[in-house]
Amino acid sequence: MLRYALRRAVWLLPTLILVTFLVYVALRLGTDPLASYRRTNIRVSKKKVDEYIAANGLYSGAFGYVRGYFQWLWGFITLDWPRSIKGSREVWPHLKDALANSIRLGLVASMVGILVGNAFGVLAALRPGRLRDTLVNSGALVGLAVPPFVSALLLQLLFAVYWQKWFGYALFPVSGVYPPGHQGFDLFLMIKHMALPVVVVAIQSIAVYSRYMRASLLDVLNSEYMRTARSKGISERRVLVHHALRNALIPVTTLAFLDVGAVVGGLIITEGLFEYPGMGRFFLVAYGNGDFPELMPWMVVIIGSVVTFNLLADIAYAKLDPRIRLG
Amino acid sequence: MSADQLLQVSSLVKEFKVKTVTGIRSVDQTVHAVSGVSFGVGSGETLGLVGESGSGKSTIGRCVLRLIEPTSGTVRFRGRDLVGMRKEELRALRREMQIVFQDPYASLDPRLTVGSAISEPLDIHRTPGDHGAKVAELLELVGLSPDHASRFPHEFSGGQRQRIGIARALALRPKFLVLDEPVSALDVSIQAGVINLLQDLQNEMGLSYLFIAHDLSVVRHISDRIAVMYLGKIVEVAPSEELHAVPAHPYTEALLSAVPEPDPVVERQRHRMILTGDVPSPINPPSGCRFRTRCPKAAEICAAEEPVLTTISEGHEVACHFPDSTPVSLRGTRS
Amino acid sequence: MAESELSSLDASVGLTAESLSPGRLAYRRFLTHKAAVVSVFVLALLVLWVLLSPWTARYGVNEQVFDISKGPNQNLPPADFAWFGTDIIGRDVYSRVLYGVRVSLIIGLASAVFSLALGSLIGAVAGLKGGLFDDIVMRVTDVFLAFPFLVALLVVRNMFGAVGWITVIVGQPSSIRFMVFLFAVFGWMGVARVLRAQVLSLKEREFIEAARALGASNARIIIRHLLPNSIGPMLVSLSLGVVGAIVSEATLSLFGYGPDPGTGATSLGLLVAGSKSAVRAGYWWLALYPFAALLVITLCVSFIGDGLRDAFDPKHGGGR
């Protein structure tokens, strides 16, 4: 097991380097960092432009890309990160805040999604073909078919705009983590601001998990070995908890790890629409500005977490399922 | 014996590389599916190939048609080696040798009508003439009605499907057929019909068969000679009657014991040998004689030295250190 | 039924009078999935309505409903002369939704068809041949599918947009053609993985080996055996692809990376994007009708996809 994990982990680094290199090339081609710099800082002196080129390694030509990448990589590792496109702001503090905000939102949404989704899945699987199964099943289909921006905008329309119209106050705010100008920590305000975004992201997770749990539990319940357990006279509840659920959780756990990429994806749209200052919004703003010094560290965080969680998913799967072959 | 053979297989070896896990380590291992097998099939002859599940029979069948690449050895058809043959040559040769598979449910494409399935070989080889008429002819040949051409495989029973598979294999008028357990998946009541059909076809068209089966009862009547396989090796070859009368290898004897005698008196009196234990894994076959772990006669030499196929009488070869040349009828209830 | 002399007792049993192809059987099973059948009708109606937009639309795409001189006509709630209200410059929302759906359906269908063609081919070859090609396809799709979709879409969009010869062939990033190209570039991956898995399982079946024994080439095996036996997954992929492209277009538009609104034409995505600010201002009709059109499409296609899955793979039947 340990060896397997180690062997997989050894691949982590080369994968990261290769993928970040590809992303580096794609971003340099796609956002044209120099043009963006000139656009953001009009009437900038030639000297400043040269400094920006040197700081970010924005050399031209195929060789310049490779050299630039390694310069960027070295700077990144030695924590000598170039400042953002505006020239003054440091990237890390900003990125750190965004990360914290997103993790908070993502965690809460995932928890809601996992708990509610799995509960629905179990409920459906216990009575296959009956009303509640049909409801869960079609509900999940609908949930998956509703794009996150539709639910986001509808929720805003209902709980902020029309609530305000009908009752004179907005039930939930539609943007930010705190109201503008707010200082310090306030749990209640934070929850209020997170409520709608969490619902939007959770709708998708609930749909995914309930379908997945249902399918996986049905698989186990219909398996030969469950029939044997039942025929041995073990009580239905015991069969369910000790055998079925445990086995059904194997693929679900894997999904939870694999889902990180999807959660981040859902977060980007949601954060964009709720002006929630997390990773998604960070990316959208930086990408819109062609802010190369901000984009690369962001990419490293995202790629790193996706790759790591993929690895964790595989390990979790291998650890939970004794039948798995560690190939 | 080998000069005028239609098919001559020599020292055929097929190994599969697989990954297996023991504890926490994953190891690359080798499955020795077929380990140095030689045999020949003459024109118009039927060679029965018998062995337990996993002994490598299908692997031989697939190598003979070069559906998989042998690890080493040669497969000569009409004196020409198939191994290393170019694609076009091989395709031309496919007109002359065909295969009928074990599982009639998996061997027909569910989306093709029976007619298209049977005419597929004609299309592939651009056979001139009216394919529709040929299909009708073939369907009648295997005992089905020409109206069946427009129907789909799922509408037929297992026996009917096997007939369709035979019609498809015969479409190009081959000289040689590999029959890979053509009746194992069928009800016993239907098996005889298909076997009779195969025998009639052989007489009519002068076919040669490599007839694969996992028990002797099926091949006894249709085969001229029978080769018995154990764990990737041929342990005994003899003309059909001779093999039944004088099984020289303990494994053959055990296989024969498993075949019930129709006559209850004979059944009660005859000498029986029942095998115990499991077939060893083809990943680590036993040293020396591969059968020694289950052989009642095993001695020290069996572990140390591998017995080679030796002729004990005309056309009867056996690979055993202690071959038994007494006819079964005279064998007492020893051991 | 002509009895030939060779026929034994099994030769003519079990035949029904009517011959049903696997396709017809699947069609019958599909008909038992009520939600899917209803969805087909609803979607067909919508498509028809949109195709007939010269007659069903009430105003032109850029036409303002009435003269500014006769009073303000911006952001009016639904009324007789404009069933779905008017937008910020006084255009009829109902007519614009029709035009928008038309553009979105074109984008969705075109991208899905290209993705399907490319993905089936790559997936089938990867599954059949294995080896290096298979490894490369799997790794590439792994990386892309693990990435947050919108990020990958945006980055690749701009990257291709910066490559001269690509824009010569498929147009500028803001053109419809470029959108289709972009979605196809992403769409093939999902299809390829589905097809590859299907081919891997079919490959083990003896009828593929039988075809090989008959001398069939790889091309023939793919075209004649593998693809026809993958119709179910392919149709499901197609339906997913249509929805995926329509939603992607809307998402891109929402963040300002969609088609160019200057051309006068509109799309569902652009209408949805326009609703972002309208929502905050309380003009619900600017959001609701485009959303409704979008949801009708995504829901119908989802149910149809579900029905197809059940129809072609009866073992894994879900609930009705």
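Note that the chains take the letters A, B and C in the order they are written out, and that residue 1 is the start of every chain.
Keep in mind that, in the parts below, contacts are C-beta pairs under 8 Å (C-beta built on N, C-alpha and C of every residue); 3 or more make two chains touch, one makes a residue touch a chain.
Treat the numbers as computed from the prediction; the structure is a model and nothing was measured.
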Innermost chain, where centres are averages of C-alpha coordinates: C
Farthest chain (mean CA position) relative to subunit C: B
Subunit A-subunit C separation of Cα centroids, rounded to whole Å: 25
Geometric centre distance via CA averages, subunit C-subunit B, whole Å: 49
Distance from the mean Cα position of subunit B to that of subunit A, given in whole angstrom: 56
Touching two or more other chains - residue numbers and ranges from subunit B: none
Partner subunit B, residues of subunit C touching it in the complex: 1-2, 4, 6-16, 19-23, 25, 205-207, 209-216, 220, 224-225, 228-229, 231
Subunit A residues touching subunit C - in the complex, by the definition given at the top: 19, 23, 26-27, 29-32, 124, 128-129, 133-134, 137-138, 141-142, 144-147, 149-150, 153-154, 156-157, 160-162, 165, 174, 261-262, 264-265, 268-269, 272-273, 283-284, 287-288, 302-303, 306-307, 310
Subunit C-touching residues of subunit B, taken from the complex the two chains share: 62, 65, 67, 90-91, 94-95, 98-99, 101-103, 106-113, 120-121, 124-125, 140-148, 150-152, 154-157, 159-160, 163, 165, 168, 172, 189-190, 192-193, 196-197, 200
Residue ranges of subunit C in contact with subunit A within the complex: 35, 143, 145-151, 154-159, 161-163, 243, 247, 250-251, 254-256, 272, 275-276, 279-282, 284, 287, 291, 294-295, 298-299, 301-303, 306, 318-320
